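The structure's right below; bear with me while I get my questions together.
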Amino acid sequence: MPIPAPVLNPPFNIIRLSHVEFGVINLAASRKFYTEILGLQITDEDEDTIYLRAMEERGHHCLVLKKKPEAGIDYLSYKVFSEDELDKAEAYFTGLGHKVEWVTRPFQGRTLRTHDCFGAPMEFYFKMDRLAPIHQQYALYRGVKPLRIDHFNCFAPNVDTAVEFYGKLGFRVTEYTEDEETGALWAAWTHRKGGVHDIAFTNGHGPRLHHTAFWVPTPLNIIDLLDLMATTGYVGNIERGPGRHGISNAFFLYILDPDGHRIEIYCSDYQTVDPDLEAIKWDLKDPQRQTLWGAPAPRSWFEHGSTFTGVGTRDADLKASPIIAP
Amino acid sequence: MPIPAPVLNPPFNIIRLSHVEFGVINLAASRKFYTEILGLQITDEDEDTIYLRAMEERGHHCLVLKKKPEAGIDYLSYKVFSEDELDKAEAYFTGLGHKVEWVTRPFQGRTLRTHDCFGAPMEFYFKMDRLAPIHQQYALYRGVKPLRIDHFNCFAPNVDTAVEFYGKLGFRVTEYTEDEETGALWAAWTHRKGGVHDIAFTNGHGPRLHHTAFWVPTPLNIIDLLDLMATTGYVGNIERGPGRHGISNAFFLYILDPDGHRIEIYCSDYQTVDPDLEAIKWDLKDPQRQTLWGAPAPRSWFEHGSTFTGVGTRDADLKASPIIAP
Amino acid sequence: MPIPAPVLNPPFNIIRLSHVEFGVINLAASRKFYTEILGLQITDEDEDTIYLRAMEERGHHCLVLKKKPEAGIDYLSYKVFSEDELDKAEAYFTGLGHKVEWVTRPFQGRTLRTHDCFGAPMEFYFKMDRLAPIHQQYALYRGVKPLRIDHFNCFAPNVDTAVEFYGKLGFRVTEYTEDEETGALWAAWTHRKGGVHDIAFTNGHGPRLHHTAFWVPTPLNIIDLLDLMATTGYVGNIERGPGRHGISNAFFLYILDPDGHRIEIYCSDYQTVDPDLEAIKWDLKDPQRQTLWGAPAPRSWFEHGSTFTGVGTRDADLKASPIIAP
Amino acid sequence: MPIPAPVLNPPFNIIRLSHVEFGVINLAASRKFYTEILGLQITDEDEDTIYLRAMEERGHHCLVLKKKPEAGIDYLSYKVFSEDELDKAEAYFTGLGHKVEWVTRPFQGRTLRTHDCFGAPMEFYFKMDRLAPIHQQYALYRGVKPLRIDHFNCFAPNVDTAVEFYGKLGFRVTEYTEDEETGALWAAWTHRKGGVHDIAFTNGHGPRLHHTAFWVPTPLNIIDLLDLMATTGYVGNIERGPGRHGISNAFFLYILDPDGHRIEIYCSDYQTVDPDLEAIKWDLKDPQRQTLWGAPAPRSWFEHGSTFTGVGTRDADLKASPIIAP
């Protein structure tokens, strides 16, 4: 099945991915990881919750850590273009028959909560507390020196379904992997903000969050992080990389936080604002789609993901051929 | 005068700056400069014209070199969201009383030509020949390894006028310099595509093009270019840099092509897609707005620009205070 | 057995490793690999032989490629401090009962050929044709932009024997791996020129050359090489890396030339000129000695090496414990 | 006058420059500068003195800060090959008629103090407390992440005299600037340890210390430092750079400490261990000898230096031609 044509006038206007809330078991351990190693800045914290932002962000948070008895993903959140768009979103999801509710989120304005085609919780808002710029306070930079949250990547039990659902929300496909034999999508990268992706989907048991990515400008930031992790007790948290993906051209590193939530550190993407940008198609049998160069991914990278709190999962409709790498 | 509120629903939808046509006297000299030194890729050429693109671009050209008896800027061109937007643009400019005409540009679809508030020629199109990706053909990378055209910067005889005119087209101000005493704008950076700028304006004799910028990912690309230019006969073409601007946070280098058209090589910008992004204000008396660090700009950088072919210029309304650096 | 005390007044004065001659089956294929991919500069060539140097070297060659029916290593060559030292070397090796002969090598002065404790051919010379500097001819830089040959690494059937033999020649140990149970050396890094190594030895079937290393200043040079190799048909020649060794702190990449001769690209070493520099000891059971971070080495990296032309090999005296990685 | 032939068997064996003692007026201000900005590690301190080392050094100190009523340079110190060499040094300087004395320096063994041909104090030692390696403790890296002290650069009232004096001590010239008209040396770079220089001399009122240099691996370390200094109140301490010297190929930055002692941050040198390395000659009229690329040096860079405590200075014998840049 070919990828659907981009929806250029979606029912409401999502600007970009915004933030994610991680349920974490040991808040102190997560705090240390995200501030000293990853280098995010705390913008607010209490006994149960820590809010963080990356260095060029002016919104109050791109990551919320919530102390929980079990690790999980509470929701993925998106920023819309204006308050009006929230009402359009409410109407749209109501029309789909999805449950919608207005929830209270500290430091944010009106926030709409619903779920995607697999039941994964999505939240939308327009207003968030705006903070003074810190991108030129170079003395604050730590760890990998993260500049901004870049994207989410999810296991989807059916990628064609995901691309159709998110496509109708205006997410445009930039690159994708197709199973040449069946024509089914194996994976797809989709964006709103003009980069390679705001959210990507890979065939697998889901819905689960595969990773959350942060953008850095150069591979040297990633190498600095590797040196730091390898010599501060975090060598076991390095899962895969560094390497370069064929898809997206990303120079990547995948690491695991203390609860196993996977973080990608990412650079070398490209600009995708043209509405007539042609999606790049990769063959599932081309090993360079996954790894332009670099060591093969470990088994855990294909299998492990974070579940969404309270959301059931199911196996993928499409099974991996035994002769191809996932 | 405060900067105007952003126009979030402009009369037609400009996606981004697209390309510029330079009148050049010696086409062979320019060809060598833009391919061997800057590292752009030729996509078409004949006796009089060379078309070039940067490494991640899929559109046919971001720079057109046209053999002319005199050096000059023929037009600045912008890509719009769809064919329909061109008709809206025609209506809009006609309504303003600006001359509009449909022109033929090779490798492009319908192209509307008009001019801005100072008479500088602007062109708009939606369709351009799309080329296969080359961003992963690493053997093709040369010179500074430019990834994409990033922005234009113009001398404007009145920056308040420029910001008002371009603001109505939907260009949103990201940073600006204000003369604290008069409240007049000295300079402003405005964008459509989600970076710090598609076009910026600085107070000065104009309209003239101050520079065209190309984006590279790291300062090391710029240092490689400096080493190359300094040892291949182009040391005299290095005008200013490297350094970092306070405004935009750009790590920059300014070089001059064989006709004196100024090129900026640029990295370290940030993402500006939020419609509620607050513009950053700089005081004209703050020297770090211009140069966060680096040697002072030479006089030529403040004075020299390229005129638009056939377009008259006038002095700036606002005079530089004798005690402040321009 | 502890490592021997450094010999500070050796019988003759070796300055540094100098060059290696590779027997290669397809000279054209090797020429392409070493010039277009690795970026070495040809200083002379004929039908059978190609001489190459790296970008900061003034000596005529650091690598000689010789067309041969079988791939192999013809000799490792070292530069001594003066002509007199060659005569001292002749006397020393004669005293050891090693065969010595004066051989003719193009572009070199008097050259003494003998062999080490395992029969591996060593050559010594003082004079080599000196060439004009090219390190500031930045237009010549290609591929990984190699600055200089850095070291050899050999499989030794007995590392204690190697360290004793080379130690008497003045090679000083900078880092080493010891089998804590037996006290035997598993591997050792030894230098003459003030870096971490001119030659290193690892326990294994030998003598064989494990790799020849070239020095580059930054990890970005290595990433550029990976991108280039991955997209020009050489992805299969990437064997291991990038990663960082605990030992030597090297940021490394291992690649294989068309004949399977292994090349390391190397940065991040340190200065070792102090005669009282303490060697750093690593435990064979510490996985970070091998890989501070990075994917585990593939089996080939532990097993494959280049034999010395006409020189027999034998198994290592020390067997790898089945529970530890090699 | 041609540069003298290298002295390959000097009267005693100096291994490398080792450290310098700076007299500083405000110890707290200097402490902050050298630890938070430059990133050196404190190895010992009391009310009057701070000892520091760079990240790859194992010797106890490369810089000593001593609280003094007036800023100045107390001595430049060199490490010799063994204790015996100190006695040879004593005999040599005594033979020259230079005053010699054995002085006590904390954390060092026997230390010989004397002076050079201009009266500048030199100290020699072999033993210094050795510290555990910290180069792989990446969490400790700060500021410019300095790896090691690299060289001294002095104003000499007669560079021919300096080269002759230091040449007899075994310092070998790697590059030099000659006044083509008179044949006099304008500047010379001389080394012991196998890099471009341990000490360099430039024609000028002296003896004075022009700068002390620290080595970093990449230009990005220097750019990080510039960003940090420009945003932490040290923008006024940036004197010159970044740029590249023709001589030595150094990518450089010059900064001033709180007392005006000049520090160079330096990368991109090359290896010089060959005893037959030809010195590179530059013409005083070639502007690229000074600045391969980059802004012209400010006047202060040519005129300002640190005096040696208690040592008189005199004008240079050679006057700068009015038409050439210094």
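The chains carry the letters A, B, C and D, assigned in the order they are written, with residues numbered from 1 in each.
By our rule, a contact is a pair of C-beta atoms (placed from the backbone, for glycine too) under 8 Å apart; a residue touches a chain by one contact, two chains touch by 3 or more.
Per UniProt, the chains are A, B, C, D = Manganese-dependent 2,3-dihydroxybiphenyl 1,2-dioxygenase.
Because the structure is a prediction, the values reported are computed rather than measured.
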Shared touching partners of chain B and chain D are A, C
Find the chain most remote from chain D, comparing centres computed as mean CA coordinates.
A
Pair joined by more contacting C-beta pairs (A-D or A-B):
A-B
Rounded to the nearest Å, the gap between Cα centres of chain A and chain D is 50
Quick check: how many Å separate the C-alpha centres of chain A and chain C?
44
How many angstrom between the C-alpha centroids of chain B and chain A?
33
Show the residues in chain A shared as contacts by 2 or more other chains, in ascending order.
136, 218, 220, 227, 230-231, 292
List the residues on chain A that touch chain D in their complex, please.
136-139, 218, 220, 224, 227-228, 230-232
In their shared complex, at which residues does chain D touch chain C?
8, 15-16, 56, 58-59, 79, 81-82, 126-127, 130, 133, 135-136, 147-148, 193-194, 217-218, 220, 246, 249, 267-268, 270-271, 273-278, 280, 292
Considering only the defined contacts, which chain A positions touch chain C in the complex?
218-220, 223, 226-227, 229-231, 235, 238, 240, 242, 244, 251, 288, 292-296
